[in-house]
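Both complexes shown next keep chain A, but they swap its partner, so chain B is in the first and chain C is in the second.
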Partner chain A sequence: MALNPLRGRVAYIFDEVNFDVDQIVGVKNIKITDVEELAKLAMQPYDPDFAAKVKPGDLLVGAGNFGYGHPHYPPMKAMRHLGITGVIAESFSPGYWRGEISMGFPQVSCPGILGFVQRWDELEVDWSTHTIRNVTQGTEIAFEPPPQSDAEMIEAGGLVPYLKRQATEQRQQKGSEHVQGA
Partner chain B sequence: MGYTITEKILARAAGLPAVRAGQDIKAKPDFVLAYDFPGYTDVYFKTMKEDFGIERVAEPERFGIFIDHMVPTATAKEEELHINTRTWCAENNVPLFERRGIGHQVACEVGYATPGAFAVHFDGHVSQMGTFGTLAIGLRRNVLEAFVSDTVSLRVPHTVRVNLRGSLRPGVMARDVFHHLVRVLGPSSCRFQVLEIGGPAAASMSTEGLQTITGLAMFTGALTAIVNPDPVRLDYALPRARKKLDPVSSDPDAEYSAVHEIDLSALEPIVVVPPTPADTRDLTEFLGLEIHAGYLGSCASGRLEDMRVAAKILGGRQVKSGVSLHIIPTSQELMAAAAREGLISTLVEAGAFVSSPSCDYCFGRIATMTANQRAVSTGTLNVRGRMGSPDSEIYLCNAAVVAASAIEGRIADPRPYL
Partner chain C sequence: MALNPLRGRVAYIFDEVNFDVDQIVGVKNIKITDVEELAKLAMQPYDPDFAAKVKPGDLLVGAGNFGYGHPHYPPMKAMRHLGITGVIAESFSPGYWRGEISMGFPQVSCPGILGFVQRWDELEVDWSTHTIRNVTQGTEIAFEPPPQSDAEMIEAGGLVPYLKRQATEQRQQKGSEHVQGA
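Now for the complex of A and B:
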């Protein structure tokens, strides 16, 4: 798998199970489309200085069934704008998972992650061995390999580039079959 | 080891002799469904042309488009969206169902719920087609794959089996069965799996009740729900079926990741407390809480049995002054049937606002609540802001509780009225 490893600090730990991601920007702001504005509102109830502390490459950590409810896209758009490069959770709600994978946003399902990290630990996610290294603590934990199509979608950078790549491959395959047939 | 109904349907759709849960496959959906909504269908139509050079879909009979949101329109922009949808369907010769009712119900009425078929949509409530042995999965934006290629990529899901036995007592309905499942199995119990409903009480349950249960499957984390089609369901679905397929069922020795037994006789009415579909509690804990609005409708509820129980409770009584009760039948077919039974006149005379089918009440586009208002609702969801202000509240419950609460102006027990 040609996915690039993720490397960054744990910028926040959402330890609530069934976490509704809309809370990140607040339901009353969910229809805002301007990403700068969303980024300013993000995380206010959790850590008002979040935007100042976060660095490009940082990661989020979540508990079980992360993204339950009726997830919308703006919260994670805001998070990506602030530099977050992925979410690692104990487990994910399928609707949220599909939505964010289709945006090309890496999601890592890792039972045990909550007990494995503390806020601001430096992590490295290795897709080839399906392990997360806690660089700060010098420990390692395995994560669940994503379905192949989800890994390919993350690698391609989202749904549309993934489907374009697939269409090209299918055309090439048909072309070569045609040549063989002739 | 036998196969689940899900494995059988996906094996055929993938063109393989057999598939097993956990296998990554590409499967060709028999049906690709969507309702028009900004950011979804308008984007698919544009992306198909501009990014994939697809001017016309190859097999229009596989598709079905519904206009059920923003019905009737409130702005010119909404009407433009609908015009765009009508144009695309006409150009592509794709069936369009406009103002026929909420799409997931209409899809069953017009034969997309073909037993044994594999269907995809972006919206997960399409799972209600599982009542008829159709595997119907909501893929969110990824359903675009089905618009630009023949197949969709997916991992064959495992199955959680729930066996229902016993019978529901008066005042307890299919809604309570589903909310009870969330309570005892948990909101992540079926994550990425299929919820298969069976057992003796499933066979004796109404089709409408099964649609309610399967249509809400996503709140257990399930990708969809399915029922092995029995004679009652086949009698409904086969004459309407859009494709000639052999119905399939799970083998007796199929492998399930978990099997749960539920005794319906033991159930009580449940309310789902805001702001999460996971918080299922006994109705009796919340009796007396003031309400301002009642909503009986949605793709999950709003069918004949819901309107019948509401009419029974509201007949000869009045909705409390100051309470808005909206009763919105799920489809035109159901509304006409309710009118023929005399249910509509009973509900209207009791003071209910009864309107033609629309999705718009369920997400607060109309009948919008303001801060500090509280609704009892048979809608799908009770998250903050779902029916208006983020500072309003939605208590989900069955149709009988909505009707009784509308009379009393507070959360009420329907059983004394029955």
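Now for the complex of A and C:
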């Protein structure tokens, strides 16, 4: 298993503990399914020019228990559409974590991240050494490796491709057992 | 699905953020596999009389990112042996959460829990209403429902019985499809 490193700028820092991601698109817009429309609404309360500033590869940073509340997919669908490739937070809400990992969206649990970055710092997340390098500041911080199955799910691109891959591997294993047994 | 409510006293409050559960038995004892021995070592640095005070059903309370560090099973095996039936924390480390849920050990993510309890308060965790009642103080606090699959894993008693149950259900479904198709 080899997860691709994440490389990008800190596009935004959500410094609120127990941050509910619904607020990114606005609670009243949470039923919208069109991702273009969601992307237009995203971040309006925080930075109306966000869409113009963000670049593909950029990352979000969060505080403790990031993703608290009912886990809804539209906010991060909008963020991915805008180019965001992952979230690094002090800690995560279990429901949010599970949901976004099952979408194959990288999440990094890193106590101390809030004191480690400023907005627009350039970061590199190295999964093999479990370190985040702040390229702008020339510093490093360790992070918690995700559970193995979560890392595999991120690498596969989400729950559905992950399960398909597992099924294929099982079939191949059975096939080779059959050959051995013949 | 109906998870049994948790009912017990707050046997200990770990108020340290990023608490590494290895400290419960001591890092140097983490390779011990005998649960009786682990139970004797447990909580020595925090409360040497813990084993005499704890009662079956009691709960542990933790701070933010509870379970940070390499997820090892011995500390909570020792705690379960002493009668502990679950952990309520401000938030959890993803690796710890995944590991203990796969053991069928109830974990409750509840921002605000530290300010809501004192040691030895009697609590009731109601999964159906997502509330924790502090029987001693006569107060209530809402908690985040766990992801559905995690709730099912707790109810089944862990990952292995959960997968067995799913396999049985799939076989039964196939059987009934076969009958319908006949």
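The working rule: the second predicted complex is superposed on the first by the 181 of 182 C-alpha atoms of A that agree within 3 Å, B and C clash if a C-alpha of one lies under 4 Å from a C-alpha of the other, contacts with A are read in each partner's own complex, and residues count from 1 in each chain.
Convention: a residue touches a chain if its C-beta (ideal position, glycine included) is under 8 Å from a C-beta of that chain, and two chains touch if they have at least 3 such contacts.
Since the structure is predicted, the reported quantities are computational estimates derived from the model, not experimental observations.
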| item | value |
| --- | --- |
| Partners on chain A (chain B, chain C) - clash or fit | clash |
| First, second, both or neither for A:Glu155, with chain B first and chain C second | neither |
| Chain B versus chain C as contact partner of A:Pro111, first or second or both or neither | second |
| Touched partner set for A:Asp58, first chain B, second chain C, both or neither | neither |
| Partner chain(s) touched by A:Glu144 [first = chain B, second = chain C, both, neither] | second |
| Chain A: partner with more touched residues, chain B or chain C | B |
| Contacts of A:Ser91 with chain B and chain C, given as first, second, both or neither | both |
| Touched partner set for A:Asp22, first chain B, second chain C, both or neither | first |
| Stretch of chain B penetrating chain C in the combined three-chain arrangement, among 80-88, 170-178, 350-358 or 368-376 | 170-178 |
| Contact residues common to both interfaces of chain A (with chain B and with chain C) | 17-18, 64-65, 68-69, 91-95, 98-99, 147, 149 |
| Interface residues, chain B side, partner chain A - complex | 24, 47, 51-52, 124, 138-142, 144-145, 148-149, 153-155, 187-188, 191-192, 218, 221-223, 275-278, 381, 383-386, 390 |
| Contacting residues of chain C [partner chain A, same complex] | 17-18, 64-65, 68-69, 71, 90-95, 97-99, 107, 109, 111, 144-147, 149-150 |
| Chain A - residues contacting chain B, complex | 17-18, 20, 22, 26-28, 30, 64-65, 68-70, 91-95, 98-99, 101-102, 147-149, 159-160, 163-164, 166-167, 170 |
